[in-house]
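Before I ask anything, let me first share the structure, which is written out below as structure tokens.
Letters are used for the chains, namely A, B, C and D, taken in the order the chains are written, and counting of residues starts over at 1 for each.
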């Protein structure tokens, strides 16, 4: 079937390839003219037969809002917009309402899988009406991995539910990554294990901790056993923050997901951390500690 | 090849079946005579040709120690004992030394996979000399899943290294389980998602969080969608504690693994938690809070 | 000076007493007629000379909003409303704007000290214009403890800044309480200390951890050494949640304040915790653990 | 009374001054000859009348062990050694036993107060027999602040109990410092408060969070409002680690104290953190993130 696809970066570009390979007719737009099929959104819309389906795959927030605003002006009643980016679930109701003013339908879809999705297929979580989801099913079936549909796709609920499940997915992802990372650091610190990358690789089959992230960690360690070329500096992309804020809002204890998020924050501060400066300042105030640093005046003990 | 196997519970019993199916000759002992091949360890040893290999698969601590003590009296120079239980890595050096006094070899092997290992195969992490590990390789190959050996087996280092890797494996497992659990609770609390079990199941293929634990969670939710038959009461089995204590010893930050462990501790306390009693007592002291409970005397605000 | 005071609960009632003792003329209103000076807000306003000062000391959220709505209809240009409750700082800008439509001034003031404030004085953090704060200074000076003004009062910034500082104050309070509580629980668990209440009391002078909360803990333990009459069940009153959500919003790592908050959430769930049910369910799935409970089939080991 | 005092650093030197001012006769020894009263321990012992009391105030671990070993050779039956350093409580039983072989008594005493103790007095927690504690009471009374004895001194239990209470005291201290530090960082990040140091200072009287650490923080911020001269790099001195390890041993949830400890560990790693390198490596593997950094190829979205 026909699909307009806006945003042809790492995710959108690969999705276009996978959809095309499955026989779908994709008209893609990107701000980079070298990879764009059309010169602007007006041309994209003009190349699609009504009722149109347009998948938006651009950064969440202002960029997504701008695309949706422009599509509202270009599309017609009965057309359908899918937001496949990492938008906050609260944006979805707003976008649904804005587009509904012109009779344009809206579906939100969280897409997981990274650069591997092109070959492996993407896991997807969608929110919208039964009719709209049904209408898009050929697209979802082409994007998802082989195997039973329910193992890689869920119609999670009304508009917003897809992004909500994707948000929680990413929160869990933060926790899992941090768990592996802590285990890795301890294995490195202990020096009892002669080949830490081999230990991670040996968890691939049969163990309780086997997972795709475990395999990726093993791959990364195979290429760079001491992670010498990596900076311990990790950004966050919004979903982790929203997950924790939702947990707080609903009284859900989130010690693990919050800790994972805070480690990312902290990784970007280093010794510029205001909190750790404050702790150091307190220690200086109650004394002994400055002297500990110098250590040159005989036997000294702590506070 | 021949193997003595001590302990035929959920793990040992399944391992016997898997080894036998692979053509190995297993002499099994258990305190339960209904499932034991021999009446005692002396008979077990007598049924094996020297040099013997005896795999101990019993609870860590006192039970393992008692079995090793008895084996030391029964086995001869050149024989080999494998501790496949969840012993603390510090026990391994002790056991190695005790057995070495009689020329008996020792290998430690962490075994992962639970009840599924019988059919799927077990992931294993071994510590010991190259010669001893080589000698046991037919056993390891029969126990592990199909596929490349390095994806389910690692010779992690000298004696103790196998249990160390298994310990870290279990620490990571705690963190992963807690991450999924927090995500589950938020999805349940929010009530935006119409079918939470379906959301977990849809993560099976293509997503970043896909894993064996995710599949098990989806299975559990399929059987009992609201987990109505489960008590939120979780024991810990030692490795999580040791992992955190090792992290503290080596200056490794472990916010996620420690938080997972502490939630398990806390789950067993409920409102009997001395710490939360202390917090409640402090709030009572500085006031207002008792009154908040009653709420019947007009407009009241917090401290 | 004259002050209208709305809300005569634990906090407001004590504040009236303290203000009256300092020679101020307080007209108090409460929904409980037994303690109210006037029958309604209209009568309260009528008893004050313009320009009036009216301090609102009622629960944050709907109750505060309703009082401010009613005051907007009753007060006149040049009058001043102080919100002394635990309102969220984001409410303050809204209230300021609503009242400004009629030329009514607005000041927010976080008040700390609990039931002890009546005798000890209250610590206060205010947000508003220099003129409005100056106008209220006789009231602040009467409410605060003796000693230098800057040790118990801060004009923190524009409207909202007072409640923001109070919010952070309460977040810190959560962390401190949890720190003492964890130490208490360990002392109780270890049983090396013959008199835990005496240990807490001995921290009152000279130590690094001496504080008012430490003294309150010592008092509580003196009265009930094993906290037998206390349930380990702790509510939260909003500020802790907002503090964590603000930390997440601004990329500030908050491992301690968030952990304190989550323990409170968790204390209210006990074994009904959905997350811990999910962890227990996962353990059941990968096996061994159900059997561990029964333990009747001979030697059994963990997964 | 007479007291031998070994170690005249920040703590020991101040204690000598305070004891001398109270009329006690202190013979002090330090490896720094400029501040030492005697040339070695033998001379120190020779200057004291039997039965002697010798207070050891040197770094925990090897230095303390060496001093105790030497004292064992020099002292006689009926003499008494006090370990006032930050020794681990498990060392105390060992030291008690070693000295008992020669009939020398042993008392452990945790001392808190830092450099301020000289003028304010020290909070102390002692472990030992009733007789030995009674014998030392004039020394304790001189060292502690004015006021009721039970507010600054506790005979916590048998040998080891004093250091145990001090260990828990320091664990609590870690948690409190981190709580204030997180609050400080949020106030700095938000920029709603015009004078953060003034906010901290205003918590000195009347508030729930008032404490000595809060006053020290206010003092530090007064001197260096943005903590520009402080590195956010914080060491730990043993007690925090032991507290967490004890909590894990006894099944005591310690989310706050452990988080405080881990932040200190992490503050010393910065972007060299192996765990955060591992997280970054995983993100690179599943893709999109490397591209996010460059950002130059059109519209790109996250994984």
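Keep in mind that, in the parts below, contacts are C-beta pairs under 8 Å (C-beta built on N, C-alpha and C of every residue); 3 or more make two chains touch, one makes a residue touch a chain.
If you're wondering where the values come from, they're calculated on a predicted model, not measured in any experiment.
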{"item": "Maximum centroid distance from chain A, chain identifier (CA atoms)", "value": "D"}
{"item": "Fraction-based call for chain D against chain B, same above half, different below", "value": "same"}
{"item": "Separation of mean Cα positions, chain D and chain C [Å, integer]", "value": "31"}
{"item": "Chain A and chain C, separation of their C-alpha mean positions in angstrom", "value": "36"}
{"item": "Whole-Å separation of chain centres (CA-atom averages), chain B against chain C", "value": "43"}
{"item": "Set of chain D residues in contact with two or more other chains", "value": "112-114, 178, 180, 182, 185, 189, 208, 213, 251-255, 259, 262-263, 266, 269, 273, 275, 286, 303"}
{"item": "Contacting residues of chain A [partner chain C, same complex]", "value": "208, 241, 244-245, 248-249, 251-255, 258-259, 261-263, 265-266, 268-269, 273, 275, 286, 303"}
{"item": "Residue ranges of chain A in contact with chain B within the complex", "value": "89, 112-114, 117, 120-125, 144-145, 147, 150-154, 156-158, 160-161, 164-165, 168-176, 178-180, 182-183, 185-187, 189-190, 192-195, 198-199, 201-214, 243, 246-247, 250-257, 259-260, 262-263"}
{"item": "Chain D-touching residues of chain A, taken from the complex the two chains share", "value": "6-12, 30-32, 35-36, 57-60, 63, 84-86, 112-116, 177-178, 180-182, 184-185, 188-189, 213, 216-217, 219-221, 224, 227, 230-235, 237, 255, 259, 263-264, 266-267, 269-289, 291-292, 297-303"}
